[in-house]
Amino acid sequence: MSYSYTAAALTRDDMAEMVASDIPAGSFVNLGIGQPTNVSNYLTADQGVTLHTENGMLGMGPVATGGDIDGDLINAGKIPVTELPGASYFHHADSFAMMRGGHLDVCVLGAFQVSQTGDLANWHTGAPGAIPAVGGAMDLAIGAKSTWVMMGLFTKAGESKLVEALSYPVTGLGCVSRIYTESAIFLIEDGTATVRSTHGISFDELAARLPVGLQRA
Amino acid sequence: MSYSYTAAALTRDDMAEMVASDIPAGSFVNLGIGQPTNVSNYLTADQGVTLHTENGMLGMGPVATGGDIDGDLINAGKIPVTELPGASYFHHADSFAMMRGGHLDVCVLGAFQVSQTGDLANWHTGAPGAIPAVGGAMDLAIGAKSTWVMMGLFTKAGESKLVEALSYPVTGLGCVSRIYTESAIFLIEDGTATVRSTHGISFDELAARLPVGLQRA
Amino acid sequence: MAPRIASNAADAVSGIHDGATVLIGGFGNAGQPMELIDALLACGATDLTVVNNNAGQADAGLALLIKERKIRKVICSFPRQSDSWHFDTAYRAGEIELELVPQGNLAERLRAAGAGIGGFFTPTGYGTLLAEGKETREIDGVGYVLETPIKADVALIKAQTADEFGNLVYRKTARNFGPVMATAAAQTIVQVEQIVPVGGIDPEVVVTPGIYVDTVVQIAGENK
Amino acid sequence: MAPRIASNAADAVSGIHDGATVLIGGFGNAGQPMELIDALLACGATDLTVVNNNAGQADAGLALLIKERKIRKVICSFPRQSDSWHFDTAYRAGEIELELVPQGNLAERLRAAGAGIGGFFTPTGYGTLLAEGKETREIDGVGYVLETPIKADVALIKAQTADEFGNLVYRKTARNFGPVMATAAAQTIVQVEQIVPVGGIDPEVVVTPGIYVDTVVQIAGENK
């Protein structure tokens, strides 16, 4: 796919739609808590994507509402969900074996930072006094065949979250292969960030603002 | 239990009956292929013993006959068996996890030799040209809370199979806690063999024939 | 041996002693053995090490055990939540120890304990703060961390149905940690919605075989 | 992705290449994918490494693959049987390599491959000939051997029923190695007695989720 440009920055929904359309048909996918969950709203029935939730299910359906809410059927974010035909349940060790064993095609996660070599930071700010919590983040980061990140490209202070080397504590090393942001989509391969598209910013402007070398797709 | 004596050596059926009566009520038990299988014929319904077969079942019933024979329901010796109420099926990794994890109370095995420290040899003669086959022997030997052996006490050449140190290849180290033979029942603890009973031979005659130190129960 | 059928939750947990390591099933409220946890608090056992995915939420269950300082140490993957205030307070006061474990490593360490595995190399956590001080190894170009089994004195779990032999089936994602925790504890105590006679569960669909179950108590199911 | 539904056994195994590592399910005849094995022989693939509990019996299936020298190496727990004459001949002639593995270690090594575990310490085999040359370690006073995962190119297994999504259920002790082998191979090919529509298997009783299944072929069941 060669480099492209749109005048408007992507909204969160745009990003979710773009991730959804990039997921190959028939994939087994885990969507992390937060922004990635929104991707499910843009998956089409034709795509035949199967969702995994690490608390023990394949074939997860949409969020449950009204009378469909069942306390025994929740996703990893502890939100009531539904079950699609062809679903299966399994225990936690089997569920994480499925992930760790590389059986999922795509995992989509949020991030604090990603390095140009694909290192991921998304579990712990490292701030003094912060109580750390990891959940399944480290398992998700390294388990799937492809790990994609959705995040804002800049911090509130305007600093790039795509970095040369992480300043936040590591979640997983060399695991991220794509980054979706409001300003650009990056492909990470062999320590190099390739820009597939920019949105509301030109390639040259982007390159000037980021602390890592970029190449154009 | 203090030392006892009977004038007659034990038959194989006597040995099986004695093993069966020594199994605590409610135990989960794996009976090895060969002589140990015969133990099941002497377990009483009152004992409530549950049989495990390492090819993936708890609650194994008697050997199947006639119309009850089902090729999908076999024991570790590949003999058709039956299913008792309360049975469960599981795959090989779960089955050996159950064994290795120490969840079975008693495993009864045959043996070529047992050492006075409870080392077991029962899988390989070590003879030149012999093709080795181990099956579940090594898993069974070390997995259960108690491993008991049933064997003839002497080789055809008249040599003791209870030895100071194994001359056959090891199956498991320090794993055997009881040995049932036609001539005597031994309890193995802390490297010492205690004779619980002798059959057709006096304690002193037995002690004279065996290459290991014995104490009387 | 067929499990003991306890008359109520208090009876079910009555053997838990001070200093015990207690596995508690559940992920969020799904599969959480709430009545057993409440009974554990009521029974007074203290100085406990508790293994759970979280470290208590709001003013119920595990959070109350922490509030009452019955817990010396928590082993979990996700202590900090919006409503984990009792844990947060105890932790900041230095009154509770935390061992933070990635969720999949937590599940696998419990499985290892039940399966007699002495340790295993996992890629999860390699190169992170949570691998500090642990043995690591590169295998076929991938970094792994050596993780050890988590064995426990007691597991408190929830299933949907038990037969009188202790065979268990679970319901939907409430299965979660129950089956592995049942294998990892010396004593597994299960609350179920119903107990059926032996033979009442198809042998093909048993998830936890009765060999892993020591005590069963029926707690009337809430409305779903 | 939903599995390919092959039209017959020959079609199902058509992608197996020379030099492949092939897992073959079954314990004795129970769970043995006989038609897939026959098709593997017919397809001509050679220089194979085969993982099975045994090394062929009598004049059928795996034994014929050995007789025809399609197999370079067998990884198994119990090669020598009263009717393993083809293996015995090939082995004595130095025409087949044997890696002998205790049965539980075989199952656990397959599970490790499927679960992304780089290696594990097992007490089984410690102090024996089968641990020679392997790393060992004493943990809490018990001796352990480090065992490694067995990853494969292909698994040939048998289940009772598949749905069109590849979810599998097995029958009685024919389950044996199937579920772990399905997780350990890049391509899992399953012969089943029946294929049902998606939704035809209760999600609670699925033993092998469809994610592990690549090809399904229906082979009419024999009389039981």
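Just so it is clear, A, B, C and D label the chains in written order, and each chain counts residues from 1 on its own.
In this text, a residue touches a chain if its C-beta (ideal position, glycine included) is under 8 Å from a C-beta of that chain, and two chains touch if they have at least 3 such contacts.
Worth saying up front: this structure is predicted, and the values here are computed from it rather than measured.
Shared contacts of subunit A and subunit D, meaning chains that touch the two of them, come down to C. With centres defined as mean CA coordinates, subunit D is found 29 Å away from subunit B. Remark: subunit A and subunit B have CA centroids separated by 55 Å (rounded to whole angstrom). Chain centres here are Cα averages; for subunit B and subunit C they lie 35 Å apart. Among all residues of subunit D, those that touch two or more other chains are 108, 111, 115-117, 122-123, 170-172, 203-204.
Within subunit A, residues 57, 83, 89-90, 96-97, 99-100, 143 each touch two or more of the remaining chains. In terms of inter-chain touching, the protein chains here follow a pattern that is not a line, ring, star or complete graph. Chain pairs that touch, as defined above: A-C, A-D, B-C, B-D, C-D. Every residue of subunit A that touches subunit D in the complex is listed here, in rising order: 25-28, 48, 50, 52, 57-59, 83, 85-90, 96-104, 143. Considering their complex, residues 53-57, 70-75, 78, 83, 89-93, 95-97, 99-100, 124, 129, 131-139, 142-143, 169-173 of subunit B touch subunit D. Of all residues in subunit C, only 1-2, 111, 113-117, 163-165, 167, 183, 198-199, 203-204, 206, 209-212 touch subunit B in the complex they form. In the complex of the two chains, the subunit D residues touching subunit C come out as 108, 112, 115-123, 137, 139-140, 142, 144, 169-172, 203-205. Contact residues of subunit C toward subunit A in the complex are 27-31, 53, 77-81, 87-88, 91-92, 98, 100-108, 110-111, 122-130, 143, 170-180, 207, 224.
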